[in-house]
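Going by the order they are written in, the chains are A, B and C; count residues from 1 in each one.
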Amino acid sequence: MTLSEIAKLLNIECTSTHEYEITGINTLKDAQKGEISFLSDSKYEKELSATSASAVILPAAKAHLLPNNVAALVSEEPYLMVAHLSKYFAKPIQSSSITPIIGNECTIYPTAHIENGAKIGSGCTIMSGVYVGADAVIGDNVILYPNVSVYRDCVIGNNVMIHSGTVVGSDGFGYAHTKMGEHVKLYQNGNVIIEDDVEIGSNTTIDCAVFGSTVIKKGSKIDNLIQIGHNCIVGEHCIMVSQSGLAGSTILGRNVVMGGQSATAGHLSIAPFTTLAARSGVTKSIIKGGVYSGFPLMEHKLWLKLQAKLAKILQ
Amino acid sequence: MTLSEIAKLLNIECTSTHEYEITGINTLKDAQKGEISFLSDSKYEKELSATSASAVILPAAKAHLLPNNVAALVSEEPYLMVAHLSKYFAKPIQSSSITPIIGNECTIYPTAHIENGAKIGSGCTIMSGVYVGADAVIGDNVILYPNVSVYRDCVIGNNVMIHSGTVVGSDGFGYAHTKMGEHVKLYQNGNVIIEDDVEIGSNTTIDCAVFGSTVIKKGSKIDNLIQIGHNCIVGEHCIMVSQSGLAGSTILGRNVVMGGQSATAGHLSIAPFTTLAARSGVTKSIIKGGVYSGFPLMEHKLWLKLQAKLAKILQ
Amino acid sequence: MTLSEIAKLLNIECTSTHEYEITGINTLKDAQKGEISFLSDSKYEKELSATSASAVILPAAKAHLLPNNVAALVSEEPYLMVAHLSKYFAKPIQSSSITPIIGNECTIYPTAHIENGAKIGSGCTIMSGVYVGADAVIGDNVILYPNVSVYRDCVIGNNVMIHSGTVVGSDGFGYAHTKMGEHVKLYQNGNVIIEDDVEIGSNTTIDCAVFGSTVIKKGSKIDNLIQIGHNCIVGEHCIMVSQSGLAGSTILGRNVVMGGQSATAGHLSIAPFTTLAARSGVTKSIIKGGVYSGFPLMEHKLWLKLQAKLAKILQ
């Protein structure tokens, strides 16, 4: 799709008369030559001058901040424009003609479905009803229990065990909104990377990144019925207990423990060695490791004190 | 099953000597000629006089409220009687001999199972391990990702995308209780209707209605691991974030936003354009749109004020 | 594996010069001759003198508490040692050469996968994508809806209905921790027993016991998206509403009702006929049945009083 075709499709003005073939959409920071990017939040404004994108969708008032060789596509609703455009760059479910490559000594159940382009290491057990998407890469000694889904492009390390019904790499929950209150899907073209020695329980969901990767680092253990949003990074040796959740783009440091039904808002950073008690709800980044409880969150000791005070109110 | 057979089966008295063939169970409001209904909650008493049901199970003291041509089956435990009876009217899993009808340009994976009587529109992708029940109707350009289950009779519109492991139309959670503390299943004979342009995430569960339909209206976006109980109606362009839940028979107006892990009790009505913050718990209907938080629920501004007051208690 | 091989594998001292063939790992209470056990929590110390285990891993200071005929394997990190060892006693996914035994009048969908060694009773419906593990035993008139997973060794009674995507018997969430912050899996070799007349909703997860059984007793009804941890016992005729959870080893008495999104900590005992309101969080055992709410939990009446007091604070 060329730059002028995009401008026409979105019905917006393009400052450049040069013609580019646009090959993908990416963030200002990660976009390469040939890709288009966008500015939807002014906090990323400072990334405009250094972007390698060939074109950027952005409001008129910001167009002058772009380097000379980067085309501006002008819109007051850049996020909505990108959402509309993303459909045209969405990867198809099937896109490869290469028969899956399967390592030695694997057990692949007959009802498992492995798409073309996928690679599976040695010593793996891929059980009944498992789905492995196009171009997914699975390491050695991996067990995928029945009915696990691994979407396209996901990467799974060695010695990983994923229990029944868990979904790795389904679309993150991202939409732009029209003035009429409709939601336009931002197609999620990233993936999930699961490092070595990770175990994931049953019926957990880990969303693929919108751009880039959602990452579960080495040695982390994830229980059942957990939600991990797009672009999250779960550090090494973290523990997430059942029914907990991470909203998008939140980063857990190493050895973070999240109790049952605890959750965080999105775009937070949680310090290494933080323990979040069951049911705790995190709305701000945690700078210093420790034990925290409650919603709103506070130090666990303080939470106990608060409960004692509330008990007194009742007397 | 005839009226007298039903009276005999339930071991209860029938006021009518006329014999009817009873073809189904329904609510007082929706029952048609030939159907049996019941009065288990006095708030529906006013519907007795206008019911089109051929027979009604109800307490002796209410029998005189029925029109002359409607038979009364007298029981002081009408809900329990209906539960016992519902088993005999439950639809079987397989009930059609008509080979599924599949539209043009569909991709149906070989391990998908489509029951007889189902219809699938054009341009659909029905992936591995998907189940489509008897007499289900799927629109055009629908993607059902791996291991999605669509139970019998459900109706899915056009341009709907449902991610892996999501279950549409499993039985609602409805039981009558005996005096000995046992739970008798009320077989759920309704369906789920999902309108156009809806996207549903992974491992979400949407129960079928006990009678009638659970409905997800046009353009709504439902995230992962969400529970939607029987007979709920989710309005147009709603957003439900991961791990939120709706108990049975609750109605969301258009453009309601439910934050992560928020939930409502059953039989509530939530005003259009209401935003429920993450973790909020709704126990009463919301008449006026706005932003609400907390459990018990309050205006978000008030909730912030409460948290400030509680913080002071700790000083 | 012999005792001396185990001592060598774990690199720990063994007090016995006798040689035993060790056939399994179990608790001090349940271990039989030929099995190895461990003492990781001093509250089980009193069980040392009566254990039938052939060997016990325990700290040096406790070795003298063992009967003369029980070998001591000395470690200051007994739980970690057992975790390392458990891998060698883990049951394989496939372990039988006996073709599954299927009762009369069953409907087994072609994409269901039933492992060797499994037995299925009469009148069952085993739908598409269902997995039944090795040596699992399914009773009569059981319906397993699409994509249900039943792991090896699980036992399901008569007239049980399990809805789509539910996982029975996946590994409990149990790890020992190294001083470097790594988590070592304690392989879960127990099972799940589901008694007669139980109904389980969609996408629920019930973990197998680490040793022994997780049990769902007769007549209980479990909704969608529920977590039941390893070694829990759910009493007769309990009701668990959607998105509720039980952490490991908690026991519900008969007719306990758990509201939506409620949860308990682990190792608790909840009195019969207790009702836990929606969202309640239980951190201590409940001795006396009644209605409870809140987190921390209190009598429901008290919780209402607390909310009234908090409302006053805001005036």
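Simple rule for what comes next: a contact is a pair of C-beta atoms (placed from the backbone, for glycine too) under 8 Å apart; a residue touches a chain by one contact, two chains touch by 3 or more.
In this text the structure is predicted, and so the values were computed from the model without any measurement.
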Type of chain A:chain B copy interface by residue overlap (half), same or different: different
Fitting chain B to chain C on CA atoms, where both chains share a sequence, rotation angle to nearest 5 degrees: 120
Euclidean distance of C-alpha centroids - chain A vs chain B, Å: 32
Junction residues of chain C, two or more chains touched: 111, 129, 147, 165, 203, 225, 243, 261, 310
For the chain A and chain B complex, residues of the former touching the latter: 93-94, 111, 113, 129, 131, 147, 149, 151, 165, 167, 170-171, 173, 175, 181-183, 185, 203-205, 207, 225, 227, 229, 243, 245, 247, 261, 263, 265, 281, 295-296, 302, 305-306, 309-310
List of chain C residues in touch with chain B within their complex: 107, 109, 111, 125, 127-129, 143, 145-147, 161, 163-165, 199, 201-203, 219, 221, 223-225, 237, 239, 241-243, 254-255, 260-261, 278-279, 307, 310, 313-314
